[in-house]
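What follows is subunit A paired twice: with subunit B in the first complex and subunit C in the second.
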Partner chain A sequence: MNLVELSSRCAEWLRGSGPLSDVVVSSRARLARNLASMPFLSRCPPPKQREVVELCRSALSRLSLPPEVFFVDLEQADALDRQLLVERHLVSRQQAEALGPRGVLVAGDETIAVMINEEDHLRLQVLRGGLQIDECVAQCRRLDEMLEGQLSFAYSSRYGYLTACPTNVGTGLRVSVMLHLPALKMTGQIERVLRAARDMHLAIRGLHGEGTEPMGDFFQISNQTTLGKSEEQIANQFRDDILPHFIEYERQARQALLHERRLALEDRIFRAQATLRSARLLSSEEMMALFSHLRLGLALRIIEDTTAQTLNELSLAAQPAHIQRLLKRTLDSDQRGAARADMVRQRLSGK
Partner chain B sequence: MNLVELSSRCAEWLRGSGPLSDVVVSSRARLARNLASMPFLSRCPPPKQREVVELCRSALSRLSLPPEVFFVDLEQADALDRQLLVERHLVSRQQAEALGPRGVLVAGDETIAVMINEEDHLRLQVLRGGLQIDECVAQCRRLDEMLEGQLSFAYSSRYGYLTACPTNVGTGLRVSVMLHLPALKMTGQIERVLRAARDMHLAIRGLHGEGTEPMGDFFQISNQTTLGKSEEQIANQFRDDILPHFIEYERQARQALLHERRLALEDRIFRAQATLRSARLLSSEEMMALFSHLRLGLALRIIEDTTAQTLNELSLAAQPAHIQRLLKRTLDSDQRGAARADMVRQRLSGK
Partner chain C sequence: MKCEKCHREASVHLTEIVNGHAAEKHLCKECALAENYTLTDPQVPVSQLLEALVGQAGGKEAAELKCESCGQTYKEFRNTGLLGCPNDYKVFEPLLLGLLERAQEGATHHVGKVPVNAEEGEKRQKELVRLRQQLKEAVQREDYEQAARLRDQIKALETA
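Our next item is the complex of A and B:
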């Protein structure tokens, strides 16, 4: 397994078929961990960073992990490969752009990614399609337990797991979901809902996490504070008290659109489909905005001649690094716009 | 012949096949005349206005005019019929909205329209497709000569024909062309060209003449001053010195687009076609803007599956009054948007 193969595969979360996938694109859990024997990264010189990578890789190699696991040495990988991993949500933008010894271990179906020397020595990530917070957290914890048999993590009996950033101290767990909220956007309710989310100490981000703007009505929502709560409390509160409201609001807004503004809704969806099937130049931003309308059209059965999986796959395959890997050459922004339009047009209309 | 029949017919200028019709949509000439025996309209009480209508109609009825000529009494016509005539460029917006005895005599192929009690007692209009200024002026003059055998026009040996507005005094002739200048717009040169036109004392207007904004890259350009020049001088200068420049600039800009920005050009044209074939709601303004791209696509042979005639016909048939006459009911703006989208979609894609 290598990155070229990866870019043409369908990750588990891309299948578009998980629970509540009409609104919840994907669920993610991640645990932040640091080795007790090594200084935090901000005070860790490169030779010691290399030692961290080696210790972690060695520990990981002794675990019983899914088949087709592979490791990417991010210090050796070129910029395009690193960007490709960002586009697939397997490393953070920060880790891709950092310097020094660092890497990521990825499971073949991309449910698991273990980032080494990201902000902490270890970031265990589990990513799955639809609403699968429990599964993500459980899988994260199993991985954590297995690793604790191999490594000794920095832990304080008073604060819990110690992390580079104080917001992660405690359980080190963060759960997030990628929500698709087009109807709340169309009906002008999105700002109110997002404000309520912020009042509940949730972080709202774009498609690629920290530092990215929401695009195409996709919002990543995650818990902010971890201190003083168990993994279960965090996951349960998020799953039981918060998410059902968001999902319900969005579904109500969709029904309202269907019953009160059906023609305007159809107009937007059919125009989006027609544009995707005919454009000769297409930016990532516009593509995601148009996919958002199509996805809504699929959820409401207004269109049926494509699938969420196709849109999910294209939304990765048409990103800059993916396109360049696929076409095996460097492309400037205009050339990517043309290649993206061709790829999308062919996939969605066969022309 | 009546208005319902008219709205489903193809006027001569709609055929989209006249000379230089890649840039010149239509040519128009009009003569302003007033009866010597009657006061100008601003000082003409309604009974005398009615007398003007009767004198003019009676004179017109004695001429040998094309078959299928018909008269519309604008004082009796309802608002929708008056608007329909405006949409077909057969009466001015001002005359449609005025009060009092007034009307228009229209030839079956709509090349000739004689407005009675517009701003002057008589406005003789000839409208033809493509660049046909000479033909329009010649036909106007023949009509004028025939009428002079029946009526005595207000004339001063010093000033020429007297008209309600001093800008028309002299020959009373105004010639205009409807130009389609999408490439000058796309390449950002349109403002410079229009400024040059204004410096040459040309008036620039929108699709429906005086008081309307340019829409969809269609510009009506006409001479401003008539005093002191013969009909021939006016028409010749416009045809020989001015128009060739506009046409040449636009054609050069089209070639530049084709050779330097072909992909952006194709992108715009194919998107426009796809939107017109898929929209469920469509305003007049957007429709005309999209037709403009399609028309350019036809002129440059980028698309071939429609015709300029189809676009010309739709650009009338989908106007508010036409749509309501066709569907035989009153529609509000939203309903017209839906009906327009349906009409355009069916005509351009068969769906």
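Our next item is the complex of A and C:
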């Protein structure tokens, strides 16, 4: 797979069709694992790190994985390709920017991404559109079990799977969802909701995970606790006790806007559409903020002449690395703004 | 304060328990070394030392606790938040417990998945590879009945 090709593909989660996708954009599960026979990454000299990559890669190559499977050597990949993978949520920003032997194996319409030598030797990640936590956790577990047929993971009966950072020890499982919460933002309730989430031992992050700012009213919410609960408990709690609140609050806020401030809401949505259809320069931030209004307009059936998939694809295709790969040339920030505006205008108005 | 031995400025202050009585000692660095006291590296800034000691059971001793297997000290862990190898969980156990409790809502024991028997996993993997090969062959010779059966078997095995 070459990455130029990847930049124009549609990953499973981009289709915008999963359950409850009006609020839950995507679901993700990831497991942290380390080889029992090796020191953790920070104590691995480069030759050993390379050995970890080889061992994991060879074990992964023997698994039966859904198509299309490809591996990216991140040590060899150039900065733009690494950025492209971050934009597609296939590697973390930390892994993209790190040094030394490391890589990522991608499979199944980009639902599976196995990062090698991130913070742990292995990070098994499953990403799907809409609310699909159970499917993500189950697929992660199958991957993990298949790998255990090949590799021996660091494990202790008391602490479970041993990870480089003790905040991941135990199950090594982190489940997260990307929520679109524009109505909570507009009605000024978002801070209160996010505070409540922190009180529930949840982590809140931006669009691209750890260390990133929220953009386009997207918030990534994930569990913090990995020890003392089974994988099922973690997933069930997240799905049944935590998520419904967020979805319910957002939906209530949307209804309130619709009933009490309909004209102002419509005005905002149609202005966003008009701007996107005529802008000649567009930054990523502005685009994401305007898309947020359109997405809300779609969910509330105020506008119907575009789809969530179109918006998802465009939000990805117009990111800095994607746009440069698609146009096959290096662009500075101003040039990207112009190219982004062209791309969006053409897709949304045909002009 | 002056050193008890040589009247230079004292920089080492000790409290020793001798026969049940606390006795204070104030020495300069040279005299302290002469009396065989081990001193920490004076190059390390005090602020950094303090930082490493704050909220730590065992203080200085804990910071110097070292894993023989990977060479990592507890102090290094405090600085980076990352452990060096699986053995660190044993070596630093008494110190990690409090931290784990804080980070993990009070939990200190794993109750989740136990690794599958490596042998069994491997057997299943081989079986899957074999079934996928058969499926491919069945599709090639257009035996769709057999292919459907194999597909169900693969699905059952994969989701078992």
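Following the convention adopted for this analysis, the second predicted complex is superposed on the first by the 350 of 351 C-alpha atoms of A that agree within 3 Å, B and C clash if a C-alpha of one lies under 4 Å from a C-alpha of the other, contacts with A are read in each partner's own complex, and residues count from 1 in each chain.
As a convention for this text, contacts are C-beta pairs under 8 Å (C-beta built on N, C-alpha and C of every residue); 3 or more make two chains touch, one makes a residue touch a chain.
Only a predicted model underlies this, so the values are computations on that prediction, with no experimental measurement involved.
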Based on the superposed arrangement, let me know which partner A:A341 touches: subunit B (first), subunit C (second), both, or neither? first
Who does A:L281 touch here: subunit B (first), subunit C (second), both, or neither? first
Applying the document's definition of touch, where does A:G170 land relative to subunit B and subunit C: first, second, both, or neither? second
Give one of first, second, both or neither to describe whether A:Q273 is in contact with subunit B, with subunit C, with both, or with none. first
Which partner, once the models are overlaid, touches more of subunit A's residues, subunit C or subunit B? C
If you stack the two complexes on chain A, which partner ends up touching A:A79: first (subunit B), second (subunit C), both, or neither? neither
So, A:L263: does it touch subunit B (first), subunit C (second), both, or neither? first
Starting from the residues of subunit A touching subunit B, keep only those that also touch subunit C in the other complex, and list them. none
Help me check something: in the complex, which residues belonging to subunit C touch subunit A? 69-72, 80-86, 88-89, 96, 99-100, 103-116, 118, 120-125, 128-129, 132, 154, 158-159
Subunit A residues touching subunit C in their complex are 34, 36, 38-43, 62-64, 119, 138, 141-142, 144-146, 148-150, 152-162, 164-167, 169-171, 173, 201, 224-231, 234
Which subunit B residues qualify as touching subunit A in the complex? 263-264, 266-267, 270-271, 273-275, 277-281, 338, 341
